[in-house]
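What follows are several structures.
Shared between the two complexes below is subunit A, which pairs with subunit B and subunit C, respectively.
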Partner chain A sequence: MTAAAPAPKANLGQPVPRYDAAAKVMGRATYASDMPLDNPAYAFLVTSAIAKGRIDRFELDDAKRVRGVIDIVTHENAPKLKESKLFSNGGYAGTTIQPLKSAEIAHDGQIIAVVVAESYEAAREAANRVKVSYSAAAPSATFDSPGTTAAAAKGQNSQFKEDPKVGDFAKAFDAAEVKLSVSYETPTQHHNPMELFTTSCAWMGDNLVIYEGSQYVYGLKNGVAEQLGIDADKVRVVNPYVGGGFGSRGSMTPRTAIIAAIAKRLNRPIKLVPTRDQGFTIATYRAETRHEIRLGASRDGRLVALRHEGAEVSSRPDAYCVGGTKTTTRLYACPNVDSLVSIVRADRNTPGFMRSPPEVPYLFALESALDELAVKLNMDPVELRRINDATRDPIDGKPYTSRSLMACFDEAAKAFGWSQRSPQPKSMSDGDWLIGYGCAATCYPTQMAPSAARVRLQRDGRTRVEIAGHEIGTGAYTVIAQTAAERLGVPLEKVAVFMGDSDLPPAPVAGGSNSTASTCSAVMMVCDQIRQRLFKALMPNDSLADKAKETVGISPAPSTQAAKGDRSLDIEKAFDALGVGVVEEYGEWKPEGAPLDSFRAMHNGQVRLVGGHQMKDQIAYAFGAEFVEVRVNRFTHEIRCPRLVGAFAAGRIMNPRTARSQLMGGLIWGMSSALLEATEIDERNARYVNDNLADYLVPVNADVPGVEVIMLSEQDDHINPVGAKGLGELANVGTNAAICNAIYHATGQRIRKLPVRLENIEL
Partner chain B sequence: MRPFSYQRASDPDMAVQALGAAAAANDPLTKAAAQPLAGGTTLIDLMKLDVMRPTAIVDISPLAQAWSAIAPGGDGLRLGALAKMSDVAAHAEIQRSYPVIADSLKLAASAQLRNMATLGGNVMQRTRCNYFRDVSYENCNKRNPGSGCAAMDGVNRMHAVLGTSDQCIATYPGDFAQALIALDAMVEVTGKAGTRSMPFAQLHKRPGSTPDIETALQPGELISAFSIQGRWPRSVYLKARDRQSYEFALSSAAIALDIQDGTIRDARVALGGVATVPWRAREAEALLKGQKFDDGLPQRVADAAFADARGRRHNSFKIALGKRVVARALQQAVTMEI
Partner chain C sequence: MPDKPGSRSSGFDRRAFMAGAAGSALIPITARAASEDARAPAAQDPSLPVEVTLRVNGKDKRLSIDARTTVLDALREHLKLTGSKKGCDHGQCGACTVLIDDRRVVSCLTLALAAEGQEITTIEGLATDDRLHPMQQAFIDNDAFQCGYCTPGQIMSAIACVKEGNAGSEADIREYMSGNICRCAAYPNIVAAVKQAAPEIMKG
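Moving on, here comes the complex of A and B:
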């Protein structure tokens, strides 16, 4: 066993190599913009240079003269599209700002023209030659900018139903022996997946095929159909591989329907490859947030009062918010809790999901504040968390399905060497470097959604699994193949998985870390349908139903009576008894507590997530603990993070190799978020300034010399048939706070605004 | 990117000819219709961004054979302008006798870029000012003389605090140039009239009222070599930056000392990441020359180096940072074992 393929433990699956590893390493994996098109035209976007105002006129003569230009589409001649509602209001869109509809400009970098040409180069050159005259108005950029408006999230965002509260916060805080009242800030961030926000659209008569990296092919298919005013069955979205999503491809962006409509008008396939900087404004991002935290505790460290107030920036028309108080008010046992989330509207593009959307900013605030409280109490921060560990949701009183938070702290602390820490700030150093140790809790809700699957088994054991899931780099192909192989008792190499195609049975959005639990539960169920048929063929008078159920969930290998002994022989016998060459089953699975309209919504490209605190009688979260070593240079004040150690418990780990990779990537991103990543906004004109990968910093290898991932054995029979909690968004949650807590330990300086840069350090 | 013609120059004459032929009168070099292509790591980027719009590209990589010497000798060092950054950084004698050069190159860019980029192209790389690199901003005096400067009151954390003017505060981004200016390098320029030689310190022009004029080179001229007198084994390059690799300096210092019997006979101090051009801090050097080292000296030298610095909204921190970097680099240079 190597670090990449961790040794087996209870309830850990096999660390089999990635299903798609060879294809990716050898460059054979075809991403959306690699798909060959028949005689395509190429589109290049022109985006606005102002954030608010209107277009007075275009001068297009120079651009039209470029050889190969076919068409230049502006609001004056754009195809008419129907509006799509925001995903949270029953629609599909990530923004309701529809470009090319009028001369109005609502945000920086809005699409204002599409140049179509015979080559990418001609389209780009012509786009460079488009001249635009604007009447610019003064935009509101962000918090504190003149002209912004603020209001409570409750009542304007249908997905934010309630500000959680319990007990009497004000009274308890007043009476608390120890009090803390602090503010935190997080910056604007952009996902910057490697794959750009491309789209290719090709019509065959009335049928449209879209090649586009998407985290939700059914959502995109239905959304584009709605905008074009055509039957969703006429639209197919294809993307067998997605070059990173991180939330940015979860909901529909305006570009797709625009390109599809232009392709229809020109009667030619069109390929759009926007630039990196255009990606900052034609898709979504993580908006900046502010937090006020108040904690009251007894001298022995018990929390008696907790209040979390959060404010988030959104666009003028769309009340997007992440509302992470749903998690921060439930993480620790506290009898008196209050919270409030508000939304500040500015002249910006609409923000959207970005890896662990609610938890990243909100847990940064809470887990930093807890560390500050530990300092006030003169208490080890791990012990403070132990004292306040909860077995029930403090708001609704429901029990956690399983909760290994303190086990994670203990394992990670041991691996990290937490006991070597001298608690006093500024007390550890090595040459030019001050050393700090810090830790924080991490958590993410366990979510599931309805999913369908089709499985086909051949007499020779060859198996084909079809499901419109998404390989966004997480290992989805691999764990689905493993699930089918295990349930059917066929060798892994005989299983072929087909995903990323909206002609396949629907799967939910690859978001909210629900994919593994949802898709594998569906695949498992359909495999059991096949087993049942085989079983019945051999033993028509016996009932498999109960026996099959016994094996659902945690069995490491199939224990079907029919498949005992020489399995392939049994399969052959069963096929003979059935008198068929192929057995194929389709099924639709939904989690317990899913709403009545779940399956209809699933086919319509609308997600019905179940889980987290919204389960009926229980609350389900995955947990972890993260420890970091930070070094701060005495002279340059440069901040480096040589060690990241995380321990995580997330129910059944389907594949420790792909899981480790996810968790490791999360820790690295968390560090990046704490120390490097921020989209700079020019407040004068509400424009993003560092909109490229040279200036929007992400870590390089030299920044992450040591990352250790520990996966705990945890069994949870209450969440889903697979027994898996999503972990894709688990690891990058706690790191921000852990880093700032370590910086405090290194320097004695508490920094409450991210990212932390060398100029924020005063020694 | 706009259409351009491409030709390979097989010898220096042809290169100079091709570059000079397309030049219009009074065009600053940065706007010359013909641009030389060596490693291509800056020029191609700027063409894609539509910042540079040459109509002719003259590929000078065939000149590498003649122009990529790495020649340390008894009396000094000669470096061909087409030597690759990575080759010079890895050269054992450069590391021994000119650590400031080796380190300035090693700490720049990424391994992939260092393998492509040439020394000449490196010193000629243009600023990373976001407002310069984004043509949707009209107001850039470098791109559109007289249009104003969007960076002046914009997001200017990376911008310069020394050598600025009310027209431009764009930082000179390179590292290697600080080593060259510190060591009194000469730059050899090949043009129509043959080769001429000038102090490297005269190559870059402060923005003043003409930020579009960045160097003393004329269209049709190429850097062919750099030369340095003597050896500088007691020299360091210290670079402070946001991440551990592949990132421009927030502040850097190139220090070279000649210490004999405890007395600093000669001292060189150059600053990077903080100035509009490669920056020599002569006032700081004056405090060192002829002195014996004492614990207060680094601070006095650092204060002198930044005496004229002027910060703006987001970059004022560079003054305090720059001083600490100079002081620490000086301590390192004094204590280094040679």
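Moving on, here comes the complex of A and C:
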């Protein structure tokens, strides 16, 4: 047993190796741009060099002279495409800025031409020979730039319905014994998944196949069909493996329909491999945010007033926002809460979800502020959180389905050695290094969405599971295979899983950490349909059949309970009784509280997520606690983070190996959001400056000396049939605050703007 | 890069990369073009295809390609060996790492013409009769990947890291594996995998 495969605890599944492990280490896992195409032409994008204005003229002669050039598509000759609404307004698109539609430029790096050639090299050369004349206007880049407009998010964005509030904040804050009023900022960040934003399109007659890394094949299929004005059944999106998503591939980008339309016009498969820097502007990103936090507390540490005001940048046409106040107003028990989210419009591409979209920036503010309050109260920050631990949602009064926040704090504190901390800032050191310990809470809403699945069982136990889920590195193949094997009582190696193909039964977006709960619940339900058929064949007697219905676990129960012991089933006998060679079942599962149109929406590529604070009678979140050690060099001010320890409780852990890896990667993402990652913006030109992997700092191996992940046993029977809470977006939340809290402890300096670099340290 | 094995820059540390690459990686190509008159006609019109024979995973592959084709694009687009991945095309991420004459090289910054006559080993060339290379097995055992996109490059780099003698400690492994970005951040598991496989690889 290696560290990678922790020993199972109660309500933790088996840490089996990844289903796709061999394919991945042998180079046999086929990502979108690995798919073979018959005689493809290669596309290369030309993107705008201005952020605002219009194109006056293209000079294409030089580009057209490049040997092998087939076509150059600009707004003057582009295929006409239909508009798609923003996903948050019932559409599929991550932006409503549609390139190649007119001469107008809405942001820097907007696609303005597509060069198609016989080879990648020729397409690239010709793209570099396209000359463009612009009439440029002065763009508004970000907060405080002249020409931006700001307005409350409520009313602008159908997904942001309400600014949570309860009680009388103003009165309670006025009267509070201890008050804190502070501001925080988080930067622009780009997902930068390792796989580029490639798209290949091939037509066979009227049928289109798209190879593209996607976190939502049904959304992409329906969105492209809408833009092309064709029947969605004519479009198939295929991506059995996705080279990282982190939210960047959740909604449709404009490139896909453009490439599809050009492939149709040229009657030839087209392969687009955009560059890394183009990825910064042709997809989405995490927008910069600002926060004002006000906390009022009694001297014994009880919160009496909490106000969180957030501001986020979006593009001119699209009112995207993450609105993390839905979480920060509910995390701690506080009787008087107020909040407000506003959106600032600038000349930028439209932002979108990036791993834990609301929680990363908003909990940075709240968890930093709590640490500041603990200092004011002269109190241990862990104890401050214990005093304010909530059993109910303070806004709506609903109980948490389960909440192990303080258990996580206690386990992580113990593993970390929190008791060794001397509370005074600048009181711990090792030679030239000032040492700081810090901690913070994390949480993430437990979400589910309707999902379908098809399962086929053969007499010899071979099982085929079909579901249009997505393997973005989470371990989706693995936990789905485990679910089917366990439920049907067949050996794991006999289960084959097919995903990443929109011709398979629909699954929701791989986003919002809903995949495991949704897809495994669907697979479990369909396996139960098979079990029921088999049991009925073996027990024609009615009363026994009823018994079978009960024992095969039709009622929502954690999968372990129904798949054990005397409920095992002689498959061969049952097949003989049925007189068939194959049993196949299809089913559609939806979580409790899903809207009436759920299944229709599911087939149309629209997600109906339920969970979090939007459940009817309860509120469901996963929780965790994170502890970090930072070392700040007293002379060079270099900041290092030698230790990250996190303890997490997320209901049933389907596979502790894949879960641990996700949580570990999350902790490193959290460290990165504190110390490394920021997209720098040239404010004069509203342009991303560090748009490559050398200048946009992501962690490398040397940045990550020690990470410890602890998974707590937690059972929650109120959330979904498999009892799992999503955890892919749990561990990278709060880490940024824990690190700033540790930097304060090391140096006495409170840093409220991310990322923290050595030039921000003043000693 | 003509570094001695074990030298600092042979680890393709991305932060030191530009200094190293600009100085060394391009020189052999220029030198070759100048010294071989046979290439002169192609040099006049670089878009005319040129003939090149690449030795990949022990087999000679004859190609007619654009002279600007990188080893990476030659593998992926012309030889259908798609195990090596394009993550940046700038030598910044390491996803395209292959072994050329047993040295780890970012194939996106190496022209195919410059690799003629050398032994190119890709991820597809590691397993024999479906028996995994010890580094591949170690990556599975230690769950050293999530999405898997950087994995072929990590594994090729890791094998070279061990053979260079840079896998003697966890700190060394972290340092000398820092030219390969893993956005899923499987880093601690990658270190564990390299540590596990190192003795067997050194044994040969």
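In this section, the second predicted complex is superposed on the first by the 735 of 763 C-alpha atoms of A that agree within 3 Å, B and C clash if a C-alpha of one lies under 4 Å from a C-alpha of the other, contacts with A are read in each partner's own complex, and residues count from 1 in each chain.
What we mean here is this: a contact is a pair of C-beta atoms (placed from the backbone, for glycine too) under 8 Å apart; a residue touches a chain by one contact, two chains touch by 3 or more.
Source: prediction; values computed, not measured.
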item: Which of subunit B and subunit C A:G581 touches, first, second, both or neither; value: neither
item: Which superposed partner A:E125 touches (first subunit B, second subunit C, both, neither); value: both
item: Contacts of A:E638 with subunit B and subunit C, given as first, second, both or neither; value: first
item: Which of subunit B and subunit C A:E759 touches, first, second, both or neither; value: first
item: Contacts of A:G205 with subunit B and subunit C, given as first, second, both or neither; value: neither
item: First (subunit B), second (subunit C), both or neither touched by A:P17; value: second
item: Touched partner set for A:L196, first subunit B, second subunit C, both or neither; value: second
item: Partner chain in contact with A:A702 - subunit B first, subunit C second, else both or neither; value: both
item: Comparing the two partners subunit B and subunit C, which touches a greater set of residues in subunit A; value: C
item: Touching partner for A:P146 - first (subunit B), second (subunit C), both, neither; value: neither
item: Subunit A positions touched by subunit B in one structure and by subunit C in the second; value: 121, 125, 694, 699-703
item: Subunit A residues touching subunit B - in the complex, by the definition given at the top; value: 49, 121, 124-125, 128, 277, 432, 633, 635-638, 640, 675-676, 680-682, 684, 689-691, 694-695, 697, 699-703, 757-759
item: Subunit B - residues contacting subunit A, complex; value: 1-3, 50, 110, 128, 130-131, 134-137, 150, 153-155, 157-158, 238, 240-247, 250-251, 317, 321, 324-325, 327-328
item: Residue ranges of subunit C touching subunit A (in the complex, touch as defined); value: 14-15, 17-18, 45, 47-48, 66, 68-69, 73, 76-77, 80-90, 92-93, 95, 122-124, 126-127, 132, 136-137, 139-152, 155, 171, 173-175, 177-192, 196
item: Complex contact set, residues of subunit A against subunit C; value: 2-5, 17-18, 20-31, 33-34, 36, 66-68, 119-122, 125, 192-196, 241-246, 273, 275-276, 471-475, 657-658, 660-662, 664-665, 668-669, 672, 692-694, 698-707
